[in-house]
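Residue numbering begins at 1 within each chain, and the chains themselves are lettered A, B, C and D in the order written.
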């Protein structure tokens, strides 16, 4: 199941809508839920000294969202290499897409150095790759 | 002068670096300083009922930044139309570029409807357009 | 039901725990859920031009919380006057209280001026007052 | 010199003022500047494995602040023990106090265990204690 969330009051800005930086935080939460749904616990990965550092992110904002809106963030993994992982996202409200996004990730160790994704994760993720 | 800032402790995450969403907030602050330097006060624009809504944003993260790092965010305006404004950014530390970014904006009224940028702003901005 | 949430990665800091400012955002979300559970929609109140401005907040942090922890935030309303509302909170993890907090609110209009809470809200809230 | 800052657009909420959680982040930044002014680098302390964990924080909000307001956050240290440090703050705008706050800190090691503040820090801080 994709991440469901409510727009928090603290996430709004003086334009009366969710601030565009909040979406970046939601994408991350959606990615972590996506992994959990597939039996992969991001906390365990981090504790093993591996992080999926964000090397690029982009968001296209269509309609705005407002305080207390219930949103769903659908994630798919569109690229999987030992040193590069890519996700795409759709932020939905009442079945209507209000934003799309993409993030690119580099597995890194605790020192921030690029490493290969552990084989176990690579294999586990492979079944969930969606090639466009 | 471009925006100078220090990475706040609250902006770090458990990887020990500035969280990638913090950059989005810095870009916005840099854009507002860029306008101010050119005699354009974004608060005044907002009070007149015009906002530069963010319709897209993208960031490429090179090197990470850490708590207390002093960063500079250089902005340039690369596209200027009555219904579309584009900025590009470089986040610098000690003269080294650590991230690049771009944002696309749509002038909107208080109801969030797309409008034309007020002529006064369009003219004032025109002198500062940098075509790539 | 009290608010349940997961600590977001973006809410952690370089100490490896949820940053203390994140709790303030959770308290607000818990307060809004508390109202919703009692048939009071804070969005409707805001749209009617009434806000419960925060005039004071305090948090005592006991144990820290970590990325991906599942937390529950229990709220109770401990004071209710036409110009003052007080809430107390307990942040719980696995049945253990990890933080306590309090917030004090002043009903204000759109201009930020102190007003009396609408009678309908005052009456609806009265049944839920817990005097210590 | 106390911390000077501008209210960021991202820090506003739909009430049109700086969200109350933003103040918590500003207090932290003010505390870190206060230390720096006295020759104490918080980054160095953290790198040595010592953090000043926040064990309590409270804020009284007087007047609100708005986007682009220039604020000053004055900090003083009002208690200094090897296992407890307390700060008080005043958030000022144009010479007028708009909020007051207090934070209580416990020195902890990387595992989050309470430790004694290193003697060097204790001595260096002692000269700056302001007993009420």
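In this section, a contact is a pair of C-beta atoms (placed from the backbone, for glycine too) under 8 Å apart; a residue touches a chain by one contact, two chains touch by 3 or more.
Everything numeric in this text was worked out from a predicted model, so none of it was measured.
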From subunit C, the most remote chain by mean C-alpha position: B
Selected interface, B-C versus B-D, where C-beta contact pairs are more numerous: B-D
Euclidean distance of C-alpha centroids - subunit A vs subunit B, Å: 23
CA centroid of subunit B to CA centroid of subunit C, Å: 32
Subunit B and subunit D, separation of their C-alpha mean positions in angstrom: 27
Interface hub residues of subunit B, defined as touching at least two other chains: 9-10, 14-15, 17, 21, 24-25, 28, 46, 67
Touching residues on subunit D, where the partner in the complex is subunit A: 9-10, 12-17, 19, 21, 67
Sites on subunit C touched by subunit D in the complex: 14-15, 17, 20-21, 24-25, 28, 46, 51, 53-61, 64, 112
Contact footprint of subunit C on subunit A as seen in their complex: 6, 8-10, 24-25, 28-29, 32, 41-43, 46, 66-68
